[in-house]
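Next come two complexes, and both contain chain A; in the first it sits with chain B, in the second with chain C.
Right, the complex of A and B next:
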């Protein structure tokens, strides 16, 4: 049975459903990430699990028990806040001890467990400092130790990395994942950063406008997005709108509004005449000199409208002939690759199986 | 650069000084100077009949400090200040908390309600209290009617009246002092405490209250000082039998024309306030070590 379950949970403010009929299962020991743009309801969903927000409809179960009516302090969740929310008037030791003191754990055991928790995050030597004397990363670790020490039933992370600089963020991301796996506590992690979601999660739920668009493993979400929104939010995608022009055996031929004829991979369940949106990821597109690509399948001619050199990658904006449809292409900057300038003619190509298809 | 430009540049550097100059002169002329004069008076000798002998004696201070009657008044005054500070704290804290956390559209209006007592004149306010608290006032009539009491209670023209009146007038200072501290406190701190297993009372005692102590101190000191130096409210609400330091100063200076003694009492009051502010500053700095630690 799932460790945390949301059953048709909604939160309505006035006429605005911030969370709209969400159902979710988080298995024991699993790290599930709620990801989505700001205002999609992911933080509200997390706060519903913690008990800070009471759902308008639906129920929350933690380890099989209905906790919908139970106040936060009796839910046994451990939350890491965006701004860490360390108690500024307490030392690191006292901060970490807080949850144990509330649980009336004896002084001796308290001391040992605080010591262990601080050891786990590598801050044992700073236990007498006040939060303001610590760097952002260190405060983050204290916040982690503070929730780990109470061995909660669920760990909740509310965009915990958003206040750290880029490098530290990557480091802490791995650290959180390592600790979570070490202690094996079921976790829900909220972020707006899809890359963060992909790298640390066992399972991802992509949210938009208060609803879950898709739930799955990072790989499922990335390679088989269920909706155009997911295809664009997790990784990025080029979208082409149009119709299914013909079926050639198992494979479909798609014709875009701009007149491109694109061969799709095996497409069971589609019929000629269907309105479709197809998506192609920028990194799946090959770029070459005009007429230099072998074969004719999904090879198109175009012109470079914009070149952005990004270090390891170069990003191009290509205008495709004949319909001037825009295509973003990302190329690895290998020794052999050449950088195309604005205005140069190029040809592009992608494999039929790299076309994601969405019925309209 | 011409000479005029140079002069202008020079002047511009002094602009801040020039801007505060009028206030500074006003302050010196009408506050510091009379105060100095009063200090000198407090060492003169009183000659019955209203004159002063220009000498240097400590007898005014000695009389004030040694006479048990005046010592009693000092004690009463301090007690009054403490009581008023206590009641404003008890009444003001929930108010300040609500005000700091509310997301109501009427927030501005709520602030106005809080400071309303300050916008009313003391005389109007006191007449209002008379309607409510006097022998035939609303409170007494209701209590008599419902049979809780047989004789009207004395709610005014005594010490109780002064406490009620001062608590009302000074409540805004306490509320605003607390509110500013509570507003700047991250609500996530309270949520973190709840999340870690603290109930509402534990959260308040362990997190909210300790973090709001600077506001409690500021509000209490402010209210205490204003309560012990208040004159109008004790006179109007307390009547002739309530005596505090400020009424003694008034009575000595204007009824008995004993300026030296009156000045000595006034300076004792001032010294009391000075000591309090000094202690407050010391406490605030040591108490917030976690904040200045970095």
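Right, the complex of A and C next:
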């Protein structure tokens, strides 16, 4: 039985469905990430689980119990907020103790558990400080300790890292993952950052316009996106629109609107004449001097329209012949790789199995 | 290296201060301080005079006093009417402060933290007693209280004073509430606090400054309210300002100076000590 279940949950404001018929299972001890662009309803979904937002339709179950009508303070969830939401008039100790005091835990046990929780996040030495005397990262650790100490049924994370600087964000996300696995509490994590989602989660639900586009492991989401939106949002993609021109055995030949003939990997269930969108990830494309690539399969000629040097990699915008279709290519900056300049002729190639296919 | 492509815009050199100009500035500084001193003297002189006169030996209000004594303080405290009036005023003031702060906090939370139709209208309505002439309110209340049979009692005074003082509480508490982040209430609820506990343990401590300031305002305004109180206080429910008002109609001995001095000390204590100790946090 899943630890947290949403059953056809919707939230409608006026005529606008912010959350639109979402169903979701989070298994015990699992970390599920809701990821999507801003305004996709991921935070509202999280707030529905916490009880701050009452769904218009549907039901929420926590450990098998219907909590839809239960107010937030009796749901036993632990939420880490984007703005930390520490109580500014209480010390770190008092902040972490708050949930235990609410649960009428005795003074002695309270003290030990607060000590343990602060130890866990490495802040035991700062217990007498006030939140304003801590850095952003430290405040977020206190917020984490404050929910871990009550051992809630579910941990909820509302973009907890987005107020931290880039380096700290990487560090904290590993830390959150480590702690979550250590305590084994079922968690729902909300972020707009697909990289964060991929690195931290057991399972990802990609949301768009109030709906879940796809749910799966990070690997599934990344390598087998169910919709063009997922393919573009999780990692970026180049899209080519066109038709299936012919089948050669179980492999398909796709012809783009601009006249490129692309060989696809095994494509069961497709037939010649189908309207298709194919997606190719920028990092799966090989770039070389004109006519320098061996073979003829999915080799195309083009011209560099833009070069952006990004440190470890270089990003190119290539205009492909004959139809001037745009292609973004990312190349690792190895010692051997050469940087192409704007206007240079190049050839590109990608493997048939790296073409993601979406029926239109 | 490329040559500097654009010359930096020339910054105007500060003009050297001329000696006469510096003199002028010094002089105007002196004049300014003098003016401030005069204004303070003008404001404080009557208060100082009252305090000095209260220690006078003479039976008339003369300044400066020829000899000093405490007899007018003794006279005040041995007059049971005065003491009763003082007690009434303190009781009415304290009750008013308590009720006003409670209502004011609730109203402020509604007005600041919730969005609803007519919010602005309601806000102005709550603050309207501030802009009404006290005499109008007094007449209105005397008529109303006669209708509801509440005239001349302790509670009629409290009710009237609450109406007069709630706007001040709303003002000060609202100001504190604007700086309060609602997410803290969510955090408290999430950790298991009921709405009331969240209010008591999280919101109240953080808006304390506004609440205390509002309560002090309410107490002080109630304590020396005269106009409205004149209309509704009955013979058995006399407050100190009314007692003083009646007293000086017929007598002009320094008893009133003694009372005034006591009030000044009370207000100073409230005004100076309370905010220092409680509001600063």
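As a convention for this text, the second predicted complex is superposed on the first by the 360 of 360 C-alpha atoms of A that agree within 3 Å, B and C clash if a C-alpha of one lies under 4 Å from a C-alpha of the other, contacts with A are read in each partner's own complex, and residues count from 1 in each chain.
Please note the rule applied: contacts are C-beta pairs under 8 Å (C-beta built on N, C-alpha and C of every residue); 3 or more make two chains touch, one makes a residue touch a chain.
Quick caveat: nothing in here was measured; it's all calculated off a predicted structure.
A.B. asks: Judging by the criteria at the top, classify the pair chain B and chain C on chain A as clash or fit.
C.D. replies: Once chain A is superposed (C-alpha atoms), there is a clash between chain B and chain C.
A.B. asks: Have a look at where A:168 lands relative to chain B and chain C in the superposition and call it first, second, both or neither.
C.D. replies: A:168 contacts neither chain B nor chain C.
A.B. asks: Between chain B (first) and chain C (second), which does A:226 come into contact with in this model arrangement: first, second, both, or neither?
C.D. replies: neither
A.B. asks: According to the stated criteria, A:98 is in contact with first (chain B), second (chain C), both, or neither; which is it?
C.D. replies: Both chain B and chain C are touched by A:98.
A.B. asks: Figure out whether A:132 sits in contact with chain B (first) or chain C (second), or with both, or with neither.
C.D. replies: A:132: touches chain B, not chain C.
A.B. asks: Return first, second, both or neither, reflecting whether A:87 touches chain B, chain C, both chains, or no partner chain.
C.D. replies: Both partners, chain B and chain C.
A.B. asks: Residue by residue on chain A, keep only those touching chain B in one complex and chain C in the other, then list them.
C.D. replies: 50-52, 71-74, 76-79, 81, 83, 85-89, 98-99, 102-103, 146-147, 150
A.B. asks: For chain B, which residues count as touching chain A in their complex?
C.D. replies: 186, 188-189, 191-199, 202-203, 206-207, 210-211, 290-291, 293-294
A.B. asks: Please give the residue numbers of chain A that touch chain C in the complex, ascending.
C.D. replies: 50-52, 71-74, 76-79, 81, 83, 85-89, 98-99, 102-103, 146-147, 150
A.B. asks: With touch defined as at the start, can you tell me which chain A residues reach chain B in the complex?
C.D. replies: For chain A paired with chain B, touching residues are 50-52, 71-74, 76-79, 81-83, 85-90, 98-99, 102-103, 130-133, 146-147, 150.
A.B. asks: Could you pull out which chain C residues touch chain A in their complex?
C.D. replies: Touch residues, chain C against chain A: 181, 183-184, 186-195, 197-198, 201-202, 205-206.
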